[in-house]
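Labels A, B, C and D are assigned to the chains in the order they are written; within every chain, residues are numbered from 1.
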Amino acid sequence: MRTQEITVNLGPQHPSTHGVFRLVIHLDGEVATGGTSVLGYLHRGLEKLAESRTYPQFIPYTDRLDYLASMSNNLAYVQTVEKLMGIEVPERAEYLRVIFAELQRIASHMVGVGTFVMDLGAVTAVFYPFIHREKILDLFSMTCGGRLTYNYMRIGGLSHDIPEEFLPKLQEFLDYMRTALEEYHQLVTGNEIFLARTKGVGVITKEMAMSYGLSGPNVRASGVCYDVRKAHPYGIYDRFNFNVPVFESGDTFDRYMVRMIEMEESVKIIRQAIKDLPEGPVLGKVPKLIKPPAGEVYHSIENPKGELGFYIVSDGSPKPYRLHIRRPSFVNLGVLEEIIKGWKVADVIAILASLDIVLGEVDG
Amino acid sequence: MYGSGVVKGLALTLKKFFSKKITEQYPEERPFIDHRWRGSLQLDKDACICCNMCVNACPNGVITLESGKDENNKRFLTRYEVNFERCLVCGLCVEACPKQCLKFTREYELATYFRDDVKLGLYHNPKLSAPSSTYAQKTEQKKEG
Amino acid sequence: MSVLDNLFVKIAALVRTTLTGLGLGDIWVNLAMVILYLAGILGVMITAALVLVLVERKIAGFIQLRPGPNRVGPWGSLQTVADTIKLLTKEDIIPACADRKVFMLAPVLVLVPTILAFAVIPFGKGMIATDVNIGIFYLIAVSSLATIPFLMAGWSSNNKYSLLGGMRAVAQMVSYEVPMVFSLLGVVMIVGSLQMSAIVEAQSKVWFVLLQPVAFLIYVIAATAECNRAPFDIPEGESELVAGVFTEYTGMKWALFFLAEYANLVLVSAIATTMFLGGWHGPVLPGWFWFFIKTSIMIFFFMWMRWTFPRVRVDHLMHFGWKFLVPLSLANIFITGIGVYLYKTIGW
Amino acid sequence: MENNIHALIKDSFPELEIQEGHLQVSPEQLAKLMDFLKENGFAYLHDVTAVDWPQHFTVVYQVRSYEKPDKLTVKVNVAKDKPVVPSMTGLWDSADWLEREVYDMFGIEFTGHPNLKRILLDESFMGYPLRKDFIG
């Protein structure tokens, strides 16, 4: 019998491309024989924009990279500039930064996990994580007045101190998180259909993960124990006690599990940070005009999606000469074309979702 | 046992089916807006010293500030306009203001029917200012008519 | 009590006597009655679909900790009406490269088997449109026709997503027809008749769900797959195939598919009630009300499942159907056969 | 640890100088050096980017190790009139997209790249936007 391969455009408008991502897949019946990623639908030229903005002015733009993890993006950027200028950050600000970055990690993983399970067809499983995430957003908006784009970190510290009612609310949230995660495990993790759909699907081997330069939960699911917080501790992460979850098989289930466990670990870190949170100012001594000395710096942090790096070249003027963003989603997405081969359409969607990309970051 | 995960899931959703709903009934129930909420902008025009700090702080250049000088060589404001269309609502202008005369309001219903209405004319004194922008004229006309 | 119980039967009898009184011949009276029954079934079906759309959205909402539609009318009760008006007034788009005739025919045909199948469902004592003595046989034969409109829709849309969806629909419905039929066979063996009224009558003492628990489970799973509902909604599979076979359908045509989906849901729930849950048998309340309650519980169960589970992958679905459900249902038939034989020979 | 790898590089490439944690190499040396780094545990090509200096382009590679906390910056200067660098796709698969992005934004060619096309911008886009002389 003569059969014909068909080419299907997944995206840029499709319910599960997580934004404006286009994947052209070739199908032999239900099985994908290959695919090509087409990016750039959300390319805003942030790197070029940065060249005509002053250093503090670029902070709000970093919000728009991975818009599910604006706090972490802020943190990566301001730490890079601080490193370039040698600015000291007050202790209290350092602790608060950790608290916010970890809260942001939980919020981002909530969306990552929720949308992943939704792409497997369980619609209810996306509502519960969003309800939990809402509580984090409440904490954020209480502190900095924004729910999505926070613009909270400043070069040398933070824009505001936390309000009085923040810490009790945060404690409440951390206690709530335990039941929330348990419930989610009850709903999703043990479900036989879910297991059948995810176990052994879209395997990224250790070698493949390393060669494709994956980072974040994706690489840790493939048996590589690499977490920037441990490997190259930034800020005050060396003071905290936490585990880095590593799974061996590198399938979609492991990528899901890494995120679930990471949320628990983040809760641990936040609890330690609250315990040690010192009093004091939240903004250090920073010159009025941010004018880093000529030179260059590269700095990267562990973002929820992977390793976010900023490369800044300064010529001594108040505007960066060149600013490059190493976007984890962009690099992580590179492996997709390779790993979808031989999987069904339904799995292609699951694999894409399990990589947990955000198009704002992929396209930069 | 095989199938227990499925049953557990069903048990959870049934529990949720009977638990309290969390939806805010928006137009009737107003949401709680935090005190630090970055909503619309508000200008205390008498306190403004026309130092242009906010204009310089804005990453997108959405603020237009026009001023004149009186007989004592003191600056006074003639026009202050924020093009909210391209505003990032980052708050750098509010932070930059040395007199704290630019503030965020807790207003959050900022959608408008017409594109021109998105622009925020915070202050405009037509008698004092040089030829005003098209936008300013339009709002004037609207108010008169 | 018996007045309420026989309410609809009495009405039918009254109509019949009136018609005979008017001096019409027997053939004409029978024809008129058939049309009336059909109208009644259609009415029930469409009202049920309209109500169920709302109920489904409410159940989804409640499970997801939100109130569901609650803006149009009290408790959102007019939401479906508003939606229907919207769908009726929508532009009816036919893709340029679609096979027009087939494309337009598919949504109409999809309703036919379901309506036909309702003819043999006993809604209450004596409330059955045509009590043919091959009731189940007829039911299975008619309901398996529903596959064809899906394929027609998928093929004629000339859209790759639709085609994939249509192919999936055929594969799924053909496979799940088998275990479904086998699961019903157990009941037939116990009763010894294919007539629906006889099956309900046989359950006056004990419901077949107790005698045939495995068959009931198989039936529920196969029925979910038969009416393409989550977790077996792969022909639609919105996260994979956008909307599967329905991708190109708009307005009223799409609404017809939607209507058929809910009519199908009512149908499989009604069959489950008739075959396993004792049909209209029940104490105190009138029979048709018991039937209504049991069917509603089944429908709730189907909806509850839908809003809990992830979607099954297409090949797992096939494996599960052919490698697990079919052997299991065959084993069930075998054991039932032994049971029936023992019952008859030893007289247990 | 860092000194360790620095010493190792010194041994194999005596002519290279490590300044402030980065290695400056010529395009001809690049392939050999990268091969050597990959052999010695730098399994993670973290980032590839470029800077447009008035006289030349600099392609900047961030190479890292997953197991050890080693990191290294490798820089290559390329001429403005003929910006060509050997591609690293043979060593690391991550180089594929990263190099395509550099090509897209700077027009630097990576010889040996299997699929050197624009990645973020449209195929029909004219010019290379991150060059300083680009007028939008």
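Operating definition for what follows: contacts are C-beta pairs under 8 Å (C-beta built on N, C-alpha and C of every residue); 3 or more make two chains touch, one makes a residue touch a chain.
Being a predicted model, the structure only gives us computed values, none of them experimental.
Averaging Cα coordinates per chain and for the whole protein, the chain whose average falls nearest the overall one is A.
When you average the Cα atoms of each chain and compare centres, the chain farthest from subunit A turns out to be C. Separating the CA-averaged centres of subunit A and subunit D is a span of 25 Å.
Centroid to centroid, with C-alpha atoms defining each point, subunit A and subunit B lie 28 Å apart. Centroids built from CA atoms put subunit C at 54 Å from subunit B. In whole angstrom, the spacing between the mean C-alpha positions of subunit C and subunit D is 63. For subunit B, the set of residues that touch two or more other chains comprises 6, 9, 12-13, 22. Touching of two or more other chains is recorded for residues 124, 131, 187-188, 191, 193-194 of subunit A.
For subunit C, the set of residues touching two or more other chains reads 63-66, 307-309. Counting only pairs that meet the touch rule, the chains in contact are A-B, A-C, A-D, B-C.
In the complex of the two chains, the subunit C residues touching subunit B come out as 59, 61-67, 70, 304-305, 307-309.
Residues 6, 9-10, 12-14, 16-23, 25 of subunit B touch subunit C in their complex. Residues of subunit D touching subunit A in their complex: 43-47, 49, 51-52, 60, 62, 66-67, 69, 71, 73, 92-94, 96-98, 101, 105, 119-122, 129-130.
By the touch rule above, subunit A contacts subunit B in their complex via residues 53, 56-61, 63, 124, 131, 141-146, 149, 151, 159-160, 163, 183, 186-195. Residue ranges of subunit A in contact with subunit D, taken from their complex: 39-40, 43, 45, 47-48, 208, 210-214, 219, 224-226, 231-232, 296, 298, 300, 307, 309, 311, 313, 321-322, 324, 326, 330-331, 333-335, 338, 363-364.
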